[in-house]
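Chain nomenclature is as follows: A, B and C, assigned in order of appearance, with residue numbering initiated at 1 for each chain independently.
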Amino acid sequence: MRDREEPLETTREAGAPAVELRGIDKRFGAVHASRDVSLAVAPGTIHGIVGENGAGKSTLMSILYGFYRADRGDIRIAGRTVEIAGSEDAIAAGIGMVHQHFMLVDTFTVVENVILGAEGGSLLASGTARARGELERLAREYALEVPPDARVGDLPVGLQQRVEILKALYRGADILILDEPTGTLMPQEADHLFRILRRLRAQGKTVILITHKLREIMAATDRVSVMRGGRMVAHRDTAATTVAELAELMVGRRVLLQVEKGPARPGPELLAVERLSVRDERGASRVRDVSFNVRAGEIVGIAGVAGNGQGELLEALAGLHPAAGGRILLAGEPVSSGGPHRRRRGLAHVPEDRRRMGLVLPFEARESAILGYHDDVRYRRAGLLDWDAVSRDTEAKMISFDVRPADPRRITAAFSGGNQQKLVLAREIERDPLVLLVGQPTRGVDIGAIEFIHRRLVAMRDAGKAILLVSSELDEIMGLSDRILVMFGGVVAGELPADRATERALGLLMAGAGPGAGAANEARRAS
Amino acid sequence: MESLTLLVLVLDSTLRLSAPLVLAALAGLFSERSGIIDIGLEGKMRGAAFAAAAVAAVSGSPWAGLAAGIGTSVLLAMVHGYACITHRGDQVVSGLALNILVSGLTAVLGIAWFAQGGRTPQLPGEARFLPLEWPGAAALRDVPVLGALYGELLSGHNLIVYLAFLAVPAVAWVLYRTRFGLRLRAVGENPESADTAGVPVVGQRYRALLCTGVACGVAGTYLSLAQSAGFINDMTAGKGYIALAALIFGKWRPVPAMLACLLFGFLDAVAIRLQGADLPVIGEVPVQLVQALPYVLTVVLLAGFIGRAVPPRALGVPYVKEG
Amino acid sequence: MSAVATGPAAGLPRWAVVGLLPVLNLLAAFAVSGLIVVLIGESPWDAVRILVWGAFGFEEAIGYTLFYATSFIFTGLAVAVAFHCGLFNIGGEGQAYIGGLGMALVCLHLDFLPFALIVPAAVIGAALFGAAWAFVPAWLQAHRGSHVVITTIMFNFIAASVMVYLLVNVMSRPGSMEPESRDFAPHARLPLMHDVLAAVGIDVAASPLNLSFLWALVCSAGVWLYIWHTRAGYRLRTAGASPPAARYGGISPPREIVVAMLVSGALAGCMSLNELMGVQHRLVLEFTAGFGFAGIAVALMGRGHPVGIILASVLFGALYQGGAELSFEVPRITRDMVVAIQGLVILFAGALEFMFVPVVRAVLARRSGG
């Protein structure tokens, strides 16, 4: 990279891959995150990398981008071995990366974000001027328009992502890595992103797309590599493979993509929501006049792009957010404000963010396992907390929900994501509640645990409980729900029975383009 | 006319009293905008004041004293950096530790070296920073209003006072118009994005602390070589904390922070004037009340009843490079 | 082998983190202190010898060491309780100061009460006033988000001004210019330990060690029970470890912040019992003498656990007592040296807590490897 001045073309060996990884090995303590991984990406292609959460995709890309250093192995860019010790080296080698969580400074403008780290001199004036020109050119070439002087924190997610891509291109990236780029995008925004990627490919750029969504792999890539347990297990031409084959390669066995469940037998209404409105701390309206119900023995799913009020709705139902208007009825009785009272009356809640809210990471598992139930007389003796009773109870829950290791004194943070989530579910479900609110039950959870969690939720439904499910995974919503509500701009934009819900129909509703779109858009504008 | 004279006198001492606050607040600005909490301004000022006085007493040169003051303050800032940046230690704990260490150390070393109960020897004029008379100030002295404004208020301060107030636009320019400033703000807001954009977070934060050390060193030197003629124990008397309060008050921006320093300096000047004075209607104002006023005001301001101060987002959070 | 799971010391055995690291940090602080002694031209070895002898060498010295330790236990517990709620209470100094005011008001104005009532009344006075001084910063942190570190610092300064005003203008001894109150009545004083022990037939040398030492031990046991074995302690720790999780669990973080700070302030306030009711027998200026700040060092050394805090308090008590002996024997090393050592202990045990982790890791790895 020392000879960055030379144009890359002259040094490129004919036919050499744009990126080649050879024998990359990386350990984090006891975790073997990359095991002898090799990969070749042809120039001018879109190359997908798929794998479960924890398969080692992100680690591999972090090594390529200089965030971690490999213990062993070589990185070759355009046929030349390079040493990548930090993101500076990666940038110099022509690699750009769009992270899953955007690496943007919210308080900076678009231009400031773009030039950060590539200011082109100790004064900002000239760099800023150059960046404006470049941004205009890139906008024309790749359909990447963004207002250059807007504060990035004020931009919608789709535009923030464009800023990330612009940052990479501004630095002269020939190779662009995108890590789970569609996680927070609406389907239409995702389509636009893929159009941009194809244009980049047409201009000779190389794109590496990391995702766990097989649909996207099939739609956007030329070639695909599959990772499992830190290993590279297969490379395929996209045209010559199928979703089923890729899924099998990912998990190492044949999986049922469809959740097995019988037809719902809905009973009496257990949760009713009447014209509920919620405002956030700043007074902005997040949920407006939402009404629906959940009956015994059914799962109602709420779909929507993150940030359209689902989170606030769930928290308001759980009593964590005061309602600005409307009523909530639990088994026919209106509930007053205050979370713990609802809990006592049979409402359980698996929060969207288990690490922040559902668990106390520095606590022992048994301490996390009584969160919200710490006032229970079962855990008390002579006025003090009876830790022996808590330990016994926690261990029983851990065994019943297959939490590994079933050690109630292990620190919560030391469990894997799936085991943490099972601990939360164990705590909430073992109480045998009437109504269960579940947010993102399988986010960051490995496939084995996903199956387990889905089975438990369906079993709960079949036991005559009411379940309200909020998830950003359309597959999950469609697989589990008996009825699906779509939220857009804080209102319910539409409702579909599960058997009539298609991805396209849901996608339109999620984008505010459904039949009720006029009202929803108006609501969004008014808020 | 008498009230004008009084006003000019109060404003004049306001400038003198707020100059070290301005420097210390700017020092804190570099640190905190880069994401490092600095409650150690007090200790750095105190260490610098002692070192400057000690070296000036031995060498007879205020410039050698200034160098020693800056050196000491930079050294302390680097220890803070070593603990908070390199070892990701708690920034409040580190700052507090250095404050306590310096308060013990200056006393121990002062007594061991000079045997004057912790003071450094009284400095002669040539070992200090003396007031600078502006051209024509003497001639204009008797001209009404203009004489007071030019001759008293503007002229007749020492070099460091002018330096302090000139530093404010300079720091603002650095912060908003240079690469250094952009990167400084970036590592204080979102170190991870700065890192992925190729900005070395650790280096940038150390450089920020270097600036903090230099500015705080000048502030401390001012106390013992300009405002007084030597170091006396506890001469900082909470000025470092007041400067920190002013920085927060000014929402971590150079010009508003300076205005806050001027306000606190003004209060201090008024308190000195009021000492023992019998005011009409109110009667005698307890000095302690006026002395406590900056602290009370800061609490009221921190309570957010007057605006909201949003700190740099990464302030106080050690940067750990992990996904 | 049980190993620490997370944090910078992840993977190290528990004994290394709880036992070895604090000792290494302490040694580092002492090593730098030794360098300072060398810098002023004295022998660090002699200094250590005099210091240890001065702290533990004779019966009276031990009494003094424990007397100082008593104050450290109170302020150390105060810092620790706030820590468990995720709060950094730097206001121990001011809370102890105002706590002394509350205690003195009881001893001066309720001295018609018999000894058996005035002692608990004084304890309540000290705790109540200490807690009250912590309340405003606590409330502002809980409900306005004002950073408690900054507000408690400000309240230390305000407390100093308030006390000067009161002692000069309101509470001063009639006919005296001294900024101090009149003496407490003889029955409004805490019995000294050697008097108590003599009454049961045990003879020890006279020292200012008084009954508040026992109260400090009771408070330590109380804090241990409270933090780890009550629902209130669970709420407090949850609010400290993760406010969103606390809210989810039906725990109100603002309420816990206020409670933690009140308990913290009350404990700090009790420090005045030892100093004023035990020894000075009147309210004087600046009797807190940095003990409030030192509580931070004690709590850090003791890792927030009452047993650790008692051990750390004895250590600091020994430094104070030994340091006094040292400044008597070697006048060039003043008692301010102890302040410097305190600063170094906070630096190494607090901010540089994990500095030796790579070293320890390497040594352990080599030992188990070869």
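Here is the rule we use: a contact is a pair of C-beta atoms (placed from the backbone, for glycine too) under 8 Å apart; a residue touches a chain by one contact, two chains touch by 3 or more.
A quick note: this is a predicted structure, and the numbers were derived from the prediction, not measured.
Path length between chain A and chain B in the chain contact graph, taken as the least number of steps between touching chains: 1.
Simply put, of A-C and B-C, more C-beta pairs touch at B-C. One finds 47 Å separating the Cα centroids of chain A and chain C.
Taking each chain's centre as the average of its CA atoms, chain B and chain C sit 30 Å apart. None of the residues of chain C touches two or more other chains. Contact residues on chain C toward chain A in their complex (touch as defined above): 5-6, 10-11, 225, 229-231, 234-235, 237-238, 241-242, 244-245, 247-250. By the touch criterion stated above, chain B contacts chain C in their complex at residues 39, 79, 82-84, 87-94, 96-105, 107-109, 111-113, 118, 238, 241, 244-245, 248, 286, 288-289, 291-292, 295-296, 298-299, 302-305. Across the interface of their complex, chain A is touched by residues 177-183, 185-186, 189-190, 192-200, 313, 321, 323 of chain B. Within the complex formed with chain B, the chain A residues making contact are 58-59, 62, 65, 67, 86-88, 91, 97, 99, 102-108, 112-113, 115-119, 121-125, 127, 167, 171. Listing the residues of chain A that touch chain C in their complex gives 29, 318, 320, 338-340, 343, 349, 351, 353, 356-363, 367, 370-372, 374-375, 380, 383-385, 387, 410-411, 413-414.
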